[in-house]
Every structure is written in C-alpha cells, then in structure tokens.
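Across the two complexes that follow, subunit A remains constant while its partner is subunit B and subsequently subunit C.
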Partner chain A sequence: MSQRIVIDPITRIEGHLRVEAEIKDGKVAQAYSSGTMVRLLEEILKGRDPRDAWAFVGRVCGVCTSVHSLASVRSVEDALDIVIPPNAELVRNIMFCTQYMHDHVVHFYHLHALDWVDIVSALSADPKKTSEIAQSISNYPKSSPGYFSDLIARLKKFVDSGQLGIFANGYWGHPAYKLPPEINLIGVAHYLEALEWQKEVVKIHTIFGGKNPHPNYLVGGMACSIGLDESSVINAERLAYVSDLLHQAKTFIEQVYIPDLLAIAPYYLDWASIGGGLGNYLSYGDLPTNGYRDPLSYKFPAGAILNKDISKVYEVDLRNDAEVQEFVTHSWYDYAEGNEKGLHPWKGESKINYTGPKPPYEYLDVEQKYSYLKTPRWKGHAMEVGPLSRMLVGYAKGIPEYKDIVDKTLAKLGAPITALFSTLGRTAARGLESVLVAQWALEFYDQLIANIRNGDSRMANTEKFNPDRWEKQAQGVGHSEAPRGALAHWIVIEDKKIKNYQLVVPTTWNASPRDFEGKMSAYESSLMDNTPVANPDQPVEILRTIHSFDPCLACSVHLYDEEGKHLSRVKVL
Partner chain B sequence: MAAPENKRPTYYEELRQRGYSRRDFMKFCTMMAAYLGLEATGTAQIANTLLKTPRIPVIWLHFQECTCCSESFIRSSHPIVADILLDKLSLDYTETLMAASGHAAEAAKEKTMKDYYGEYVLCVEGSVPVDNDGVYCCIGGKSAIQVLEEAAAGAKAIIAWGSCACNGCVQAAYPNPTGATPIHKLVKGKPIIKVPGCPPIGEVMAGVLVHIITFGRLPELDKVGRPKAFYSKRVHDSCYRRPYYDAGLFVESFDDENAKKGYCLYKVGCKGPMTYNSCGIIKWNDGVSYPIQSGHGCIGCSEANFWDNGPLYRQMASFPGFGIESNADKVGMVAAGVTAAGIAVHAIATNVRKKKLVDDLVAEGKESEKELKS
Partner chain C sequence: MGLGNLVMGDEGLGVAFARAMEKEDLPEYVTVMDGGTGGFHLMGHLEAHPKVILVDATMDGGVPGTIRLIRPRFSSDFPKAISTHDIGLKDLIEGMLILGKMPDIYLFVVTIETIQPLYVGLTPEIEAVIPKVIQEVKQLITQLMSE
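Moving on to the complex of A and B:
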C-alpha cells in the first residue's frame, strides 16, 4: 500500500517549492519536485542596456544576493572583452567569500537546524551539563551555566505565552530527533547567536557595494574607488573595518558553526547512507587568484565527476553547445522544434505554456508537465551542484587543502569517503568549505592591501564603458560558483542592447523535473535513495534531504515569453 | 510543541514579569499619550489597550519575490530580530523561517486567522501575478490571489514590504509578462502601509513594526501610503555628497580622479534627486554606508516602476526642484569657470532653491498639524 503525500509549501528555503511523494513501507518510493512560481525576468531584460543587467538579475534572489550580479557583469565583460583591474577582482572575491560565510551559517542554523534540533527537548536541558559540553567542544566564550539557564528561562516564558510564532506546529518529539537535550539547547542558543552575528558579516558588502541585500556591482570593475587621503571613499578606516569583520566571521565559523556541526553529526551517522542520489557532481569553479580568465588559478576548481568515481575529473566547457543544455519535457514551456530536444543557453528559447491543474488543486499531473523549472543536463547527464560537488572536485583533483580538511573530518567522525555521497555529506561539505572560504577571504584582503601599498589604486576599467566603443554584435558567458552551486549567465548583445539573456542556476540543476528520458534530477533522485518517512503527517526526513541542498527557487525559475504579452501595460522605454 | 490554549500574556503582564511596577506602567502610558498628542483621557485609553493586548500576531506571506525583504529584516540592528521574534511580536507564519512545512504550516496560519480575526497584522512580500487565473504563483495548491484574499479578510492592517508588494518591482517592469500586481490594487477596505525599496532598509522595516507595537497605532503615512518617518526626504537632500553637487563638482566616469575624491555621482546616473528614502539618514546595515557613499549612484529602488525610469547610467535630464541651474552641465560650467561672478550666481541660485525647500517643508508641517488635530 502506498500513500501519496504533498509538502507545499516547503518552508525554510527561498521561494516556492512543492514536493509530492509516494510513501511505501516507510520509505519514499516516488518523488516529484515542482517550482510553482515564475516571474519571466529574461523577457524583461530584452532590449535593455547590458550594463544595467546586473541590477535586474541581482533581483533574481535576495538570499543568494550578489551572485547573479557577479555572473552578469562577468558575462558582459566576456562579451565585450573587458579585463578588470586586480583590485576589483579582489574586492569581488572578498564580497563572494562574505556571501558564502553569511549564507552557509544562516542555512545551517535558520534553514536546516530545526530538522535536527528539537526545541522542546532543549527546555529540559541541564544548564551546567550543557556548559560543560559547550566548553569541551569550543573556546566560544558564551558558554557559562548562567548563560544557558537564562536562555532556558527565556524559552520557557516564550512557550508559556502560548504564542509559539515560527516554532508552532514543528515536528517536535518526532522519533527522528536524536540529540540529547543539552546539545539541542546549544543548537537553540547558537540559532539566536547566529541570527545576531549574520547582520555583521554583511557589512563588508555595505562597505564595498553600498548595501546588503543587493549590493551594487559595475561592468568593468567596482564602483567603490580607493582614495587613501580622501574622507568619503575607501580609505584606511574602511579597510580596517573589513579586516575586523573578516576576522570576526572566521572566529564564528571556527568556534560556533564547525564545533556544532561536529557535535551534532555523530548522532545522525545513519544519514551518511541516506539521500545520496545521482552521484554526478559538477562545478564551474571560481575565486580567481590570477584573473577570471585563468581558470587554473581558481580556488574552487572546475570539473565534473560521474557515478561517484573520484578517480577521474572531466573538463567542462560552457561555450560548447553540446555540453550544457536545457530540456522542457516536463516543464511548463514549449520549444518551437519539439520538447524532446535540448537547447544550449545562447540559443535558449522558452515559451510558457502552463498545462497544470487550475488552482485550487490537490495534486499535480506528474506524468505531464509539472514545474516552472527547466531541466538542465551536462552532456546528457543529470548533475548535482553545490558545496558537496565543489569539495569533491577539489578532493578528486588532489588539492592539498581539500584533502586535508576532508580527511581530517572523516577521521574524526570515523566515516569512510563514501559517507560524503549523502544528505549528511552535503551538510558537512557546506561547513568544510566555509572554513576554507573564511581563510581565503583573509588572503584576498592581504593581497588587496599589498596592491594598494604598491601604488595600484585602480578599481574599474572604463575604456569600454561607453557603448559607442562596442562591436555591433557580441556574446558572452559569465560563470560563478554560487553558495548553492554552479551558476552561469549567457548574454547576446546586438546594437548596444540585450538581444537574449539566459540563466542556468544551481537550483535548476538540482530541483528540476524529470528529463525527456525520464531521468530524475538531484532532489528527486536523493529522496528516492533510502529516505525513510516514519510518519507521513510529519515528513521531517524529507525536509532533511531537501534542505541539505539549500533550495533557492526564485533563482531557478525565470525565462522569457516570446509572445511578449501586455505590450501596452507599461510604457515603452 | 504543546502550548497552553488561549493563554495570552498582555503587555502589562510582560512588563510585570520584567519587574516593572503598576506605577511604571501608568507612567509609560502617560508619556506615550503625551507623545501621541492625546488628551488626558488618552492615557487611560492606552493603558486599557495595553492591559488587554497579547503579542501582536503577524502573518507574513511570500509571493513573487526574491526574499530580499526577509533578509533585510533579519539585518535590523535595533531592535535585533531575535528580540522581535521572541519578545515583541508573534510571527505565526513565514515561509522563510518557520519550523513547520506543508499542511502543518498552513494549519498554523489558519489558526491565527481564526483565533485573532481582526487583530493580526498581515505582511506581504512580493507581487501577485494576476494573468492566466493566477497560475504563475501557487502555494499549497492555491493561487497567490486566493491566498491573499483569505489572509487579508481578517487582517487589522497590511504592511506591503518592499517594491514588489508596493509597485510590482522587477517582474512588473516592461512588458510585465505575468501581470505582476502590487497589493493595494488587489485589497480594498484595509489600511495598507507601503514600505518600498529593493529591499527596504532593515531598520526601517523593524521601525515600522516597532511603531505599531509600541504606540498601538499605525505610523502616519504620506499621500501614497508610505510612513512619513522614513520616506519624506529625497536621497539627494540628505546626501553627504550634496555640497559637491551644489558646487558643481561631479564624477565624470567611474573610478576617475573625481570619483577618488568622492564627488557627486549625478552625471553617472544617480537617481537620488527623484528618490524618497532614508538611505542618506539611517544608511544601511546599522549605518555603515549607502550606495552613494560606496561610489555607485542611487538606482531609485524605492520609487514606483523605477526599472522603467531610464537606464541606470544615463544622467537624469531634469527633476522637480532642480531649480534655476536647469542642468548639471551648466552648474559644472559655472563652477569650472571659477569666475567670481560665476560663483556668486551659483551661490544665489542654491540659496534661492534652499529657501523654496524650507518654505515647502514649513507648509507641509502645517498640513500635518491640521491632520493631527482633526
């Protein structure tokens, strides 16, 4: 007997995601992932100034803020053959690292932790015992018995009010929660500490980009000029502020995030054999140390791994139209030459065609089209992207700092390398790369200071900022590694305007529906890989695997509508 | 979590639990009545309200958006969001942070809609696509239109967070392919507070909520529905680079010598002169900086339909209040001329415009007074 369940909305993510699943014998037997919101940004971009695109596509996502702006300016610079000054590359790298540190910590505590940490159990923790555990795993100073007993009192008052706010109707007491009360209390304490800390690290974006979310970028470099002897631009005070924030962030990751991850993981080692899924991993690479055009200099290397075989890493070429392609067999679009064919993004076309049920509805017809996400494939393979892919590609390439941190962590947990191909592996990889990124950010900062000390204060190359200096036609691709995985924007420019703009983003790789051959993408495949469901009314296990990917749906749904409806609604530019 | 039913601590109980006396409480009410300009009887009225009111329940809906508003909200530095969530209001539904998913999440929302009918504040992040029967945004199998209608019915007031909910933002830019529609065009008969910006400043969002919680009433709004406290000044008028504008000193292209000196960004497209927001006053992320301070012009993200107000890097032709100079090039020519006469003319022009601004503000103040009295 199988039972069909619907989880909609999936919460603690960005955007609107729906999962329908068949539960049989206490396990997920079938799974379908659907993106249920669309905004059609690519249609909106057509005809606009390519220099403005970063601002539009920045608004694709406010959680992964800045990553689309970065991919966008890189796509335009690629098309127009603009090389940015080293300082601009370093500032972009520092902002990139800032985004990672913020995003990964917020994901762990605010979007993922409640799948593993039982708040109600925390109320019965012994403050003294909690303090002993906290002090045994970290030097983080907020760890006294008084600190934890104050927190319990605050939580009790909150619960006694009867108004449980964001914690109402959680799956508390579910048998899948395995932590002792004291570790649950540490988790809750750091949920609140992380909420306070996260507003600090983003100030680096504010200093260089003027605000966060949605800091400002610039084609050709960055707009934040350096003027060491001026009062109102980047000077010694601003740089010292950045340094201070980077050190604080590194401390928080090393003293709070990682110790918590390592304290929680041993109770959930069964999740090292659940939720693995595809076994195909893809990374485009990022964090250039010798310019964006030198991929061999990237801190995150590019590459693809197939069938969990880390003895071989394949090269990836985003310009080759046989490599990255998007399919719409099960997506609410139609292609002009039939829905079985894949299209490379430079030639990407999409015409929306919603054929799903009329709302309100109970179930989607998963035999037909069932999502606003297209289905990307690399050389025909479904690929997983994200922190686990990046760590595996770095590890498989034998890069010492990857080998070192992965091997040490596995040894601590007493787990084999294959433990990485799992829900737990995905969550652990996110923590490990946060440690690397926190270190790299300081290296980039030191290089920036060294450059300025050596007399280079250039921040933008504006030789081609004027569109009169552009070729009549140009096309480019800008790629990045967003916190959630491989990201690229493809642009076609004609007569100084955007002719076509396509984004293929991490959550589209991971959360997309089945392809023309019926092959699943990463979410569906992972859910069907050994995921238990003890109580179909409280599907916390499904949330664990889905959240291990850190879903971001607003990013993944976007396309243009060739019909161009509502031409008269807003006046033409 | 098993919670005691129907036990709703009031502000008074909260204060008592924190060790305040009844006398402290009444003093607080008197002060607040005075602050709000109420008659003496107002004190009793406020005291009564606060004696009876639990933490205000809040339902926060997400439609066509990018979650930058929620992200900005959690950046608030005063108050910090942990305190807002635990002590100040009861955020009963938000897809971004809530523990429960699916049916359990929807049940929490329905319980608040029923138990607090007419009392909860509805926050909306995102626009609502109305084309094709609303199929471009569905949650729990319902269209955004249906979800909004249900939740708006029992709301005491609605806060439209960010430019998406206030004016449709990027998805409503030409050609608005999904029919993205702001909230005020879909809900009638409810007070709607518009808090535009992409996103709004975190402290502004917290400030709007704190105003409602602390003073027990909605903040005063301007004629388009924005809180006056945060949207009554142009970025241009509160910009620390304004003296360079007045002096005709402009950045001509990014990262040029003038950019390194921090001159005015008007000629590289700054939309500060047409944008009403608090960026120059409160600034961003605990007052660290704002776009202009970090070298990029304002893109006007809190103005209606700002995506279609011309390319980002095109110098604005003219704007209301631009005054006698008529355009920046003339201002620049005057300044670059460095003749005594030129400087004098410019100084007079500037002062004339400032006098007009002061006159306008005085007139506006008088209007506000009248509204307050009535």
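Moving on to the complex of A and C:
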C-alpha cells in the first residue's frame, strides 16, 4: 500500500480509477467511481490530418491497443465514404480477434483469476490428485503428476527464498476463497502458462501491423502487402505462421481457459446473484463479414437490451443525436451551453474545468463533480457494455452459435439464464465469447487465403487518400467492440483537417459518475447490487465485481465504516 | 534496454538513454531497445537474450544523478517507481523467475529527485548523466564479453 499511488496519477500506464465505497452491514451501501486522470486526445487531434488520427488515438492505451486505431480509420472512412477491400476487412478482423484472445486470457489469468484463486493454498495441493482433476476436465497435455509436483517445488523454492512477490499481492486465506488446493494449483499453473502463451499470439499483430503494441493502420485499408512467393512482403511462410498462432490460441482457449473457468465457477455460484447492477446492455456490433457498411453481416450483432428483458432487442443508431449523448453534471468539464444538457459526440466538447479538491485529498466531493470521465447515456439510459452485453444481444437475437454455447454452459453449471446478470455472468461471458472469437478468427483466415489464391491481393482503396478529393465538410462515426465493450469515435472534418473528434470508450460507459438525474452507471450500480464485504481491510469482493468488467484503469479503493468514517485505504492489485 | 515513461520528465531517462545509445557504435551482438512501459510485452525480448542490461530511474532519496549497478534477483530488488500498474514488469519478473526463464539481469539505476507528470524531457542535471550511463554500460558490455 502506498499513499502516493492512491492519490497521484503517476503510474506508468494510463488511467486511474478510484472507487469510494461505504460499507454497511457487511455490504456495499454506497459506491462512487471516479476517473482521476485526463487523457484528452480530443484536443490533441484538433486541426490535424484525419489520416494521422489513428496513430495518435492508438496510444490511448497499451492494453486495448489497436481497437482505437480501428475505430479511428473507420470514422474517417465513414466520413469520406471510402469502402475498403475485402482483404483489408479480413486482416482487420484477424487482428481484432487476436487482440480479443490475448486480452481476455491475460485478463482472466493475470488480472482477475487471483480474485478467485488462492495461490498460497496451491502449495498444499496433492500433485497426483491435481493431475487427475486436470485430466478429467481437459485434454491439455501438460497435466501429469510430475508437471504439478515440479511446479509446487518451484513455488516452494520461490517462497523459501523469502520473497513474497505475487504471493504478497492478494488477500490469501480470506474466507471468500472457496477453491480446493488442487484447483488453486491448476489456476497457478495456467497463470504461468498464459504468461508464456500471450507473448506468442500477439506476433500476429506484428506480421500484419508491423509492430505490437500499437500496430499500424491505414485509412482506406491496411498497410501490409501480400505476395505468396515474394520475400519482402507477407508471403506464404508468414501466413502459415499466422495459421499456427491462431490454432495455438484456439487450443489454449478451449483446453486451458474454458476448462479452468468451468472448474472454478461451481465453487462461486453465489456470485451469480451478486453484482448484476443496471440490467441494461449495449453493443455496437463488430466483425463485419460483408463490409463495415452492412451491420447485418456482423458476427457481433448491434443492439440494446433494457431491464434484463431479453425478449426484445432495440436498434442502436450512432448518428441519431438523440441516442448517444454525454453529460458532464458530475464530470470536471464545462459545456459552452450549460452543463445540464447532454451532447451528441459530433457536437461534443472537451473543455476541462477541475473543481475537485486539491490533491492530496482524502475524499472526493461526490455531491459535486467527481470524475474526469463524462457520463454517456443511450436515449437517457445508463448502459453496461462489454462481453456480457455482446453475448446477451447475440443470445436475445436468437443467433444459433450464441444460444448453443450459452445454453450448454448454463446447463453444465445448473444455472438459470438470470445467472448471467451478475459478476459471475460477466466473467463467464468473456470466456464464452473467446471460444467464438477463436473459431471466427480461423474462418477469416481461411477466407483471406481463398481470396489470395483467387488472385485478389488488394489491401487498400487509395482513391480518396488525396485530400483534394474530399468534400469541404464531412462527418463520420467509426465504431467497434473493444474487448471491454462498445467503442466509437466521432469525427468532423473541415477543410481537410479535423474540426472535432470525440472518443466514447467502454470504460466511460461503465465507470462514469452519476448523471443529471442521479442515475448510476454500471460500476456503481453493480457494486451496490448485493456485493458483500466480509472484511473492509481486505475488500476482495469489491475487486471481483469491478474486475469482472475488465477495468482498463489501475484502481484505488477507499472504504468507510457505517458512520462514514475512514477505515482504510487500499490499493487494488 | 531503457525503461521509463517519456511523459513523466526525469522518469523517462531510460528511454532517453536508449535513444542516445542507439547512436553509438556497438558490437553486432548488442541490441538496444526502448522498453518504455512495455510490461508483459517485454517478455519475448527478455527471454531472447541471455544477458540483459536495464537502465531505469529511481527515487531512492539519494543525490540526483547518482548511478548504481545492482544485480536484481527478485522484483523487490527493482526500484519502487518501476511499473506500479496491475500487470507490470514486476509481475513479469516473478513469473519468469518461477518458470526458470529469467535472463542474467544487470540493472543500472539513476537517482532522480522527482517525477514531472505530463512533462516531456529531462532536467539538465539528469540529461548530463546520460553520457556517463552510456559509458558505464559500454564498459559492462566489454567486461561481460571478455568473461
């Protein structure tokens, strides 16, 4: 715990999330979520060449890398009416799937698993029993008693050296940990396996995008040329390597990630009725199979669900200025026409006015403005975005592959459909969509190869790359489904330059402060939905719910006792 | 490999080092890399090299500009200021250690007085230390290759 970390935005990776929660009768009674760091890419982009925007916005985050660049090039293409070649769409889709598989696996094992898996308990596991369990849940070859006893020996050697390391990062021994030592050991083993695997799969980004993080994009297509027999472009050897990596990823997800998820979930079924929150779900859709302009062709369908009613999916129109709007009632911004009205992002403003307490401070004044995140609303509704929203929209639309995987999983766990509206549901949905994405990635790959075989090597449409061919004024919206949820960039172009640019990112939907009517957004609402806190000094339960959203921000949590007195200040790990 | 954040003033000295080091005449078996705030992304690069020399800033309360060479065995041997993010370099080091995949690491830490958030560039006194760090790194390279 370090006070400096709690108060100042000095971490090396972007974004700070602060949650202030009040605990009453062992439960979260009040929760406030605050983003305490400014990004403001919007202001940096004004006056720049729209063709360069992707390179700037890509740097918003090194974890969610590439999705912002994708949304950006789409916004420019939308504004300028540029249709990209099928191969470019396929390469973008393959990179998109790669990002998902990497991000979801790293989130599960390295950011979220330790909320459920007790590493210290793993030390007392019986290797033989662990091996039996591992072999009963998966065909993954690394599952012999020798493999697990070797791992225990390594872990013990590490602990015996007097180092706590990752062993110090959690609340080990907390009564909320329910797994037997053997399943804990499997979790630790795969934490390490995932560490090894994750560095491989991102090579796909380096092959198509030149580098990772922050691979290269291009307005009009992709900046990678393909020639099967040529030496200096993406050739048959490189493509075969991509195929290997995609197959490895699919194997890892199907044989490691999903079996672990299903082995852990039965011990935590109480979390299927905790942390649900809003019950409103939004997806913009993504993974076009017939071009970005044809939303009906998307693998991830677009739509909105209200009040947990999956019998109806509402259409979403990002161009309609009455649908997506951002409010600043509780955000450190000022709108020119007053802070009460919401603004559609094409007319969006990003003028900062920090009125919070001077750091270092103890509490935020949550009655006033308390976050650098704006508060987005869809037709006035607070919406949750992310894997659960995507899976629910696909399921509610009756798409067979969604129905199939969701129903099978629920049957396996003996849980009703309502179990999805929860912390556990969110974490499960992320795993299930990883399975779908791993399959789709191979479909896209096969289509790319087929196109190339048929002689189509087009990768970019450069007809309108020259700004002399642009309209004097144009506006567009580029949307995507980032791993963390619905993402869109709205651009206004005038005289070949960016006149206005607004990003509305997934974590803004989920982590934003209350709106003009006092309605909570997803984080606050889910924390106040039945989230227990057995020991305020070790709020592992709060971590479970917040981490189930895959927050893209380093977190700090402040806790209060029933009188609102400050109890402890805990850095979330 | 220089580590650090370019937009945090003196905290970015590792990156400034890497940029300056790239201009030096170096043996071909030496790779210079700006590790930035790469965290997990650095794993492949660390694994690919048997010996790794890191350069990073530290706020250890000493005289600004002091250069020290340490041989970190555990993540706790790294400067406190090193990646405080959820999945930073420290977690990577722990993981590689348990996997038995840690390269031989030599870590030069340079004392800085403070971090300047959202400031690009080094203070003159830290800027002046860079040539000295380069000199020490080059000496170490020569020494390691003669072993």
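Structure notes:
Rule of thumb we're sticking to: the second predicted complex is superposed on the first by the 535 of 573 C-alpha atoms of A that agree within 3 Å, B and C clash if a C-alpha of one lies under 4 Å from a C-alpha of the other, contacts with A are read in each partner's own complex, and residues count from 1 in each chain.
Here is the rule we go by: a residue touches a chain if its C-beta (ideal position, glycine included) is under 8 Å from a C-beta of that chain, and two chains touch if they have at least 3 such contacts.
Because the structure is predicted, anything quoted here is derived from the model rather than measured.
Of the two partner chains placed by superposition, A:147 touches none, neither subunit B nor subunit C. By the document's definition of touching, of the two partners only subunit B reaches A:60; subunit C does not.
Applying the stated contact rule after C-alpha superposition, one finds that A:198 touches each of subunit B and subunit C. Of the two partner chains, subunit B is the only one touched by A:159; subunit C is not. Once the two structures are overlaid, the count of subunit A residues touched is higher for B than for its counterpart among subunit B and subunit C. Of the two partner chains, subunit B is the only one that A:543 touches; subunit C does not reach it. In the superposition on chain A, contact of A:110 is made with both subunit B and subunit C. Within subunit A, the residues touching subunit B in one complex and subunit C in the other are 5, 8-13, 62, 110, 154, 158, 161, 163, 165-166, 192, 195-196, 198-199, 202, 212-213, 554, 573. Interface residues of subunit A facing subunit C in the complex, by the touch rule stated above, are 2, 5, 8-13, 62, 106, 110-111, 154-155, 158, 161, 163, 165-166, 191-192, 195-196, 198-199, 202, 212-213, 554, 573. Subunit B contributes residues 1-9, 17, 54-55, 57, 62-72, 74-77, 80-82, 85-86, 89-92, 94-105, 107-108, 111, 129, 131-143, 146, 169-180, 198-199, 202, 240-241, 253-256, 259-262, 279, 284-286, 288-296, 299, 301, 305, 307-308, 310-313 to its touches with subunit A in the complex. By the touch criterion stated above, subunit A contacts subunit B in their complex at residues 5-16, 18, 36-41, 43-44, 48-49, 51-52, 55-56, 59-63, 65, 110, 114, 119-120, 154, 157-172, 192, 195-196, 198-199, 202-203, 205-216, 218, 220-227, 230-234, 241, 352, 354, 356, 358-362, 372, 457-460, 462, 465, 537-539, 543, 554, 560-561, 564-567, 569-573. Only residues 4-5, 8, 11, 37-41, 43-44, 47, 74-76, 80, 83-88, 90-92, 94-100, 115, 117 of subunit C touch subunit A when the two sit together in their complex.
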